[in-house]
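Each structure below is given as structure tokens.
Here chain A shows up in two complexes: once beside chain B, once beside chain C.
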Partner chain A sequence: MIASARAEALRLAKWPVTWLLAGVWLVLNLSFAYLFTYLSFRSAVSDGDDRLAASLLSQVSMEQLPSTLVQGMPMFGGAIVLIFAALATGSGYGWSTWKTVFTNGPARLTAFSGTLTAIAGFVAALVLSTLALDIAASAGIHLLESEPVEWPAVTDLAQGTGAGLLILGMYAAFGAALGVLTRSPALSVGLGLVWALVIENLLRGVAELLGPVEAVTDVLPGTAAGSLAGALGAAGETAGGAPSAGGTPGVLAILDGGPATALLLCYAAAFMVLTAVLVRRRDV
Partner chain B sequence: MDADQAGGMNEARIVTDELTKNYGERTAVDAVSLRVEQGEVYGFLGPNGAGKTTTLRMVLGLVRPTSGTVEILGSSPGDPAVLRRVGSLVEEPGFYPYLSGRDNLRVLAHYNGLGNQQVEDVLEQVELRSRGSERFKTYSLGMKQRLGVAAALLGDPQLLILDEPTNGLDPAGMADMRALIRRVAEFGRTVLLSSHLLGEVQQICDRVGVISDGRLLEEGTVADLRGASAIRVVASPVEAAEQVVEQLFGPDAIARQQDGSLQLDVDADRPAEITAALVHAGVEVREIRPVERTLEEVFLEMTGTAKEPMEVTS
Partner chain C sequence: MAKHLKEQSQPYDGGPQRGVRGPDADGQRSQPDRVQQPGPAAVAARDLTVRRSGNTVLDGLDFTVGTGAITGLLGPSGSGKTTLMRAMVGVQRISGGTIEVLGRPAGSPSLRSRVGYVAQTSSVYPDITVEDNVRYFAALFPVPRSAAAEAIDAVGLSPYAKRRAADLSGGQFSRVSLACALVSQPDLLILDEPTVGLDPVLRVELWDRFARMAEAGTTLIISSHVMEEASHCQSLLLLREGRLLSALSPADLQRRGGSEDLERAFLALIRDAETREAA
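After this line comes the complex of A and B, so read on.
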């Protein structure tokens, strides 16, 4: 499997899509988590609104880093990772590269576990890069404003990083499964995005009117991802059912951290099992 | 090299037994039983859509048979230990378009724990080393096919399975590809080559299996399939000529053709002897030459139809 993971890491590392998607996420994260907040802070300072300025500065503080790190992941980060994983597995059918790989030595499951390992490596690198960038951005802003930099507890930081890995890992497994299921990069990306960005939100809207639907929406993958981010303190779109100003889309307060974590692990495992069964049994 | 890898002559490398694949109501491959022996170049001949690729996909474990069995290098299809000893190019070459030819091969080499030197070696063999750094998507069709063969050669496999490797190539590309196949078939490698080009199979292959509408119609050497050779004689007067050759070979060996020529069912190496006898008898010899049935004639005879004529491009 290590040989397969090396092979997949080589081809994914040289794939422009990998760098493009990683770049898009890092720019989005930096812009929404720090740049726009900082610009708003400067504007509040100019307007003499000290309370707002202090509130905005606290949002980009190091103490908030664990929640800031994950706040964009349930929706935007997840969507980007889903696109990446779906393209990574689905494109191989269009290019016929799975045929080449499956007739070249490794067993199908070995080859595919190499792919999943390489995708996991991408997710880990992305989360760690985001963390490094967020630390640099937060420290930079505080140094610029001559404010003290107060580091968060290591356990909080580890918790945030772990949550980020779990949220993006689940979406990556979802994307990889879709790529294999549809055997098409375009269809898998389209379906994945419609599900993650539209359908789950619509279902949650319906759930407010229909009780039985709520039981289902409470355990959807997006709900689990959003709830884990919410459990870490990220501000959601809504607070107590009412729209919350400045909240991040996708962040929810439906489940507690424990159940959300367990659900994410279950979904990630289920998507990987589905992928494995399809890869092993289907004709290529 | 273990004993199994070395393999003795006449040891079958691929054996299929009643191999069948149905897609819904349609039978793509119908009870195909073929046998590819160690060290031979086996031509799998049939028109487009005859079931060649589906058969090869089943042999490689890409597709599950509906019924029947495949034994490849003494094991079952898809067994990783076997696949490491098999190189294949099935249908179009499947590579990452954004990677260079060299990097594509490196990815495959990584999968099998092979080094960069082996990548360079196979690039050299298919004469792509100087173009190895260019992206696969910029390659011409011929270069893509050659890279496909290079990938098949990685790891120095005992058995090569090449599906229509000259498909879509121009005449020069076809000639290059055939020369390449002949080169790689040296050193005791076994090659299973599918083709719809009769001339190609005739040029390259030791034995041939003819498939049509999913069924294996015949299996044998090219010479076996073409049958016995004959000699055509155009001479004047034809009656005198007939008398002379009758004395030599008996009446059963001679057939008068509609165009007035004589067809003699004798060894193809006897024109000089026949010419001498005819001239000695005062018969004027206008033409004398060996004639052989082409593989195309054989194929059309077998299928009993020319609904999709085979190409005779050589």
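After this line comes the complex of A and C, so read on.
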């Protein structure tokens, strides 16, 4: 498996898509979490609105780092990682490289475990890069404004990082499963995005009218991801899915942190098992 | 190529067995003078049958393929060449009979690094370089670091190693796929129509490379529906409608078909077989 993981890591590292998607996420995260908030802060300072300015500055403080880190992940970060994983596995079928790997290379599950390990490595690198960028942005803003930099508790920071890994890890497993299921990079990306960005939100809207549907929407992958981010303090949407004032799309307050974590772990495991069964059983 | 670096494969203690053994055009076993030396075969099929969706794709094939030679798998489109190759690689579910490769049942885990397979469609990531594609496959096997460069060199793509695969011509692109299969330094290389779409110069160049690999001890099984390519092979398996029409050398084909032209000779064999069937 180490050889397969090394081969996939080499491939993904050389793949322009990897850097493009990572770059898009980091720019989005930096822009929405820090840049626009800071510009609003400067505007409030210019207008003499000290209360608003203080509120905006606190949003980009280091203390808020655990929640700021994950606030964009349930929707945008998850979608980007889903695209990445779906392309990583789907392209293996699309370009027939899996055919050669599965016939000439190591055993199928060994080869695919290597792929999942390489994807997990990408997710970990992305979360840590986001954390480093967020620390740099927050510290930079506070130094620029001559404000003290107050670090969050290590446990809070670890919790935020773990939550980020779990949210993006679940979406990566989802994307990988779609890539294998459809054997097509384009179709898997399309289906994944429609599910993550459209269908789940529509179902939550329906759930407001139909009680039984709510029982289902409360345990959807996006609900679990959004709830975990919400449990860490990220400002989000109402239970019905409508955005609250200043809330981040995708962040929810439907489940507590514990059930949300358990649900994310279950989904990630289920997607990986499904993928393993498909890879093992299907023809190449 | 890299095969040069390897010692002669361990299981072949009976020495190389060149050529093929199978039925003649009249359905009889081939004569001993065409079978040559005894010893373990690279591929041995016994009553190999494959059915798909109620149709018989391969119908009771019996043949052996010797080691260290180029065996051409020839026949019209739809004759079962790809299915037979997939059976050799172990990714085709068989309905009856047996097929052994390098002394083990086809598809055995121990054969994975010893059997290279290049399908008709190129298995290459177009948006990374030639070198990265080959290094990707090299990383899957316990081969020396130099294996990727050697495989690229073996298919004549060293000047293009740093180019994105997508920027190569069609012929070069398919050779990247070949390099990816060569990098594991297989004992048996199975190539499904590797020369389709290549210009005549490239085709000749590629066949010359195959010949050098066979001289170095690699066994090659190469499918084609172009009969003139049979002249590059030491032995031939002629398929038609899922049946093994004949297993013989190109010279035997010319003699039995009564024509120097291999295509005419093949057609003569087909007509002869049809006449016998009708009778």
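We take it that the second predicted complex is superposed on the first by the 279 of 284 C-alpha atoms of A that agree within 3 Å, B and C clash if a C-alpha of one lies under 4 Å from a C-alpha of the other, contacts with A are read in each partner's own complex, and residues count from 1 in each chain.
Rule of thumb we're sticking to: a contact is a pair of C-beta atoms (placed from the backbone, for glycine too) under 8 Å apart; a residue touches a chain by one contact, two chains touch by 3 or more.
Note that this is a predicted model, so its numbers are computed, not measured.
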| item | value |
| --- | --- |
| Overlay on chain A: chain C relative to chain B, clash or fit | clash |
| Partner chain in contact with A:32 - chain B first, chain C second, else both or neither | neither |
| Touching partner for A:97 - first (chain B), second (chain C), both, neither | both |
| Chain B versus chain C as contact partner of A:108, first or second or both or neither | first |
| Chain C-contacting residues of chain A that also contact chain B | 3-4, 6-8, 10-11, 14-16, 95-107, 111, 283-284 |
| Partner chain C, residues of chain A touching it in the complex | 3-4, 6-8, 10-11, 14-17, 91, 95-107, 111, 283-284 |
| Complex interface listing, chain C residues touching chain A | 89-91, 109, 112-113, 115-119, 121-129, 132, 135-142, 177, 180-181, 184, 186 |
| In the complex, chain A residues that touch chain B | 3-4, 6-8, 10-11, 14-16, 95-108, 110-111, 114, 283-284 |
| Sites on chain B touched by chain A in the complex | 57, 60-64, 78, 80, 83-84, 86, 88, 90-99, 103, 106-113, 151, 154-155 |
